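All chains are identified by letter, namely A, B, C, D, E and F, in their written order; residue positions are counted from 1 within each chain.
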Amino acid sequence: MMSVNVRMVDITGKAESERLAVAEGKIRLRRETIEKIRRGEVPKGDVLAVAKTAAIMAVKKTWEIIPLCHPIPITFVDVNFDVMEEELRVRVEVKTTAKTGVEMEALTGASVALLTVWDMVKSLEKDQEGQYPYTEINSIRVVEKVKRQL
Amino acid sequence: MMSVNVRMVDITGKAESERLAVAEGKIRLRRETIEKIRRGEVPKGDVLAVAKTAAIMAVKKTWEIIPLCHPIPITFVDVNFDVMEEELRVRVEVKTTAKTGVEMEALTGASVALLTVWDMVKSLEKDQEGQYPYTEINSIRVVEKVKRQL
Amino acid sequence: MMSVNVRMVDITGKAESERLAVAEGKIRLRRETIEKIRRGEVPKGDVLAVAKTAAIMAVKKTWEIIPLCHPIPITFVDVNFDVMEEELRVRVEVKTTAKTGVEMEALTGASVALLTVWDMVKSLEKDQEGQYPYTEINSIRVVEKVKRQL
Amino acid sequence: MMSVNVRMVDITGKAESERLAVAEGKIRLRRETIEKIRRGEVPKGDVLAVAKTAAIMAVKKTWEIIPLCHPIPITFVDVNFDVMEEELRVRVEVKTTAKTGVEMEALTGASVALLTVWDMVKSLEKDQEGQYPYTEINSIRVVEKVKRQL
Amino acid sequence: MMSVNVRMVDITGKAESERLAVAEGKIRLRRETIEKIRRGEVPKGDVLAVAKTAAIMAVKKTWEIIPLCHPIPITFVDVNFDVMEEELRVRVEVKTTAKTGVEMEALTGASVALLTVWDMVKSLEKDQEGQYPYTEINSIRVVEKVKRQL
Amino acid sequence: MMSVNVRMVDITGKAESERLAVAEGKIRLRRETIEKIRRGEVPKGDVLAVAKTAAIMAVKKTWEIIPLCHPIPITFVDVNFDVMEEELRVRVEVKTTAKTGVEMEALTGASVALLTVWDMVKSLEKDQEGQYPYTEINSIRVVEKVKRQL
């Protein structure tokens, strides 16, 4: 038998714990774009509400997107934004009661929040050639991971 | 009628063009993790093959993940990696013949490739408290976007 | 931090209970369409079997369709129809053992059952201009919701 | 060969046309709930932004939810709400250039918008026994369907 | 750049053709199970209607299930069964107008039809130890593939 | 009430057990194709890594593909291949802690692994008319099913 070198971790025997993970990330945007987000003047609409909704939905679908993630019964997702002068930061918190942690879920949520922000402001970030010389997603990382015995 | 402030762009009247977009991104990893990726010694298996497969599948599902993206008949996806000493870079190229561009698809593919890399090397990147003090995804951006009249 | 005003309910600390929810709804159809459903003469086929299958599948996917719904391990779905003279009624029962109720699942099942019925009889309900002057879905509501401590 | 009585319509030979469909529907809510939606005081947040986002995403997924619907490259979705004294109305417009119409997509969008509204205001609509004696979705119908030769 | 060895075929430059593919397969079942299918006495219900519905839905989702398949706008699916004495055969026909063929779609449809049949008759096929000594899916193959220039 | 003859099994009252199921299957391929798989010379790339990734993802999605399957929190999937002279065999093992067994998940994983292999070697298996006279999937069956009281 050829064991192809792709292995899902076996969590069958693990006990359920209460789990929390927090991930963050940021997107660099033009100052004018940031201004329009603040003023609610982005043509595609309410950037943060759509990005937050997208992030929550992506957190729940992480196991469908990341091949070796286990399906997890997400019990809470929170998504908050910090609108700075030249960038927009996101912080995603995910909770569950499960046999494995939710850091991939939090990271996926942060990534999708920022990708959705980008999609919402595409017309404002593109230059005349239709390129994005300035826009960039950065610093996607796990801020905190907690496991609490039940 | 209250027009809620969320607007999908109307592309009904646009002509189909040949479209290409290239996105890049990178993930900072410990030197030992990079070494294990190079040597094929990561416990969860072939990191780059799984990450590439995940990225291709995510590109095709972008319209399901990013709320205001249009469904697009993807005709090609390529995903390549550059394994540096302290980071792993990904470059995703997407093509289609459609009424709108595929930069969100390329960006989603790059993000999912890097998230999958993270998931594959979790056990190597975690410290003793189960935290990820070093791992970080950065520089997700659109490198090139091309539209060619048919 | 700007807290965007979209909040998933945190059910992490709630105990699991046995849950049941029943939803109903109805679709008004032409008498001739109802007759064809009864006689099994609808060109697209067995309306009720397809609608029931669609409803069961939709119940399981509710968390993918309704943004702030939690993923729930559905343990039972039943879908029954009442074919009246001028309308078709559906009753969807959903059960689970979970931390939150399943009324949204039952409502989604009832809605999808009725939408599927509509799709199956489109050709019989359209008038000569291709419009649907008569067809209408009504009275989608929760009939019963039960929570039983384990 | 037993031909099971379930038949997808064969649209292979049909020409592509520009298609538009508009569907409407409404949900009856308590006056106090309506007031809280107007004032932005619903605990789960911005009801209409989440419902609109959910509706757009559901329109794109209609072929996944309704078994015999063809996959269609949606080019535009618009969702608008009318907040009346005792009910909330939704109007969903869908466009495409395709071989078949988009009325099921518009109807699915309207249904999911209203289901999402319900989910957002659950805590305000439930009575002390956790039942929903008042809430009800009604009048989901196709208002207009247009086909324009290219 | 390390080119990971996973390559989607680039169909961007190919012309659209009318495509048809037919796949077949069969499942071996106990004679008593076959009898119950014929008489409509299977406890889980109408085996062939559910299997056909599942197959049509799977055909449309093939690009989500098979990593390197292109998304294809399916225009027709037909699924027929032949109930023999000791086995049940399925034949799935798929059509599209697209840049690539639909044999993977037809094969996926045939596989899912047979898997669904199995799921529907599980209780009849299991022995006293809960094993399936007799049930087996066989002969999944492409019967015909046609490409017709437009 | 017309009880449409489609019934999901009610597992609400069942206790959770540790579950394991193993399924197998095989695909007949040309000797030259097998040789190219062994040597890593298949143009579409690493056949077994992509097939294994696809199988793991399909196992997790079984409840979405097979209409009456319950959603199950998969805790482990393993996929192994045996490359023979004229055929390739797959063995899929699935584990969970749940109220019902995972044989449909294992069978779906085996089917999708083999379909993905087919997709990866299409260009090598097609004859000059674009037909597949030789390729065939066979012997998909449950090898073992275990239920262990917790």
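In the analysis below, a residue touches a chain if its C-beta (ideal position, glycine included) is under 8 Å from a C-beta of that chain, and two chains touch if they have at least 3 such contacts.
Here's who's who by UniProt: A, B, C, D, E, F = Probable cyclic pyranopterin monophosphate synthase.
Just so it is clear, the structure is predicted and the values come from calculations on it, not from any experiment.
Engineer: Keeping to the contact definition above, tell me which chains border both chain E and chain F.
Structural biologist: B, C
Engineer: Which chain has its C-alpha centre farthest away from the C-alpha centre of chain A?
Structural biologist: E
Engineer: More contacting C-beta pairs: C-E or B-E?
Structural biologist: B-E
Engineer: Whole-Å distance, chain D centre to chain F centre, using C-alpha means?
Structural biologist: 36
Engineer: On a C-alpha centroid basis, what's the spacing between chain A and chain B, in Å?
Structural biologist: One centre to the other, that is 13 Å.
Engineer: Can you check how far apart chain A and chain F are, centre to centre, with Cα atoms defining each centre and the answer in Å?
Structural biologist: 31
Engineer: What are the residue numbers in chain C that touch two or more other chains?
Structural biologist: 4-9, 45-46, 49-50, 53-54, 57, 61, 67-68, 71, 73
Engineer: Taking chains as nodes and touches as edges, what kind of graph is this: line, ring, star, complete or other?
Structural biologist: other
Engineer: Under the stated touch criterion, can you name all the chain pairs that qualify?
Structural biologist: A-B, A-C, A-D, A-F, B-D, B-E, B-F, C-D, C-E, C-F, D-E, E-F
Engineer: For chain A, which residues count as touching chain B in their complex?
Structural biologist: Per the touch definition, chain A meets chain B at residues 4-9, 25, 40, 43-46, 49-50, 53-54, 57-58, 61, 65-69, 101, 103-104, 107-108, 111-112, 114-116, 118-120, 122, 130-132, 135-142, 144-145, 147.
Engineer: Quick check on the complex: what are the chain A residues that touch chain C?
Structural biologist: Going by the criterion above, the answer is residues 18, 48-49, 51-53, 56-57, 60-61, 71, 73-83, 91, 95-97.
Engineer: Which residues of chain C touch chain A once you look at their complex with the stated criterion?
Structural biologist: 1-12, 63-64, 67-68, 70-73, 98-99
Engineer: Okay, in this complex, where on chain C does chain E touch?
Structural biologist: 45-46, 49-50, 53-54, 57
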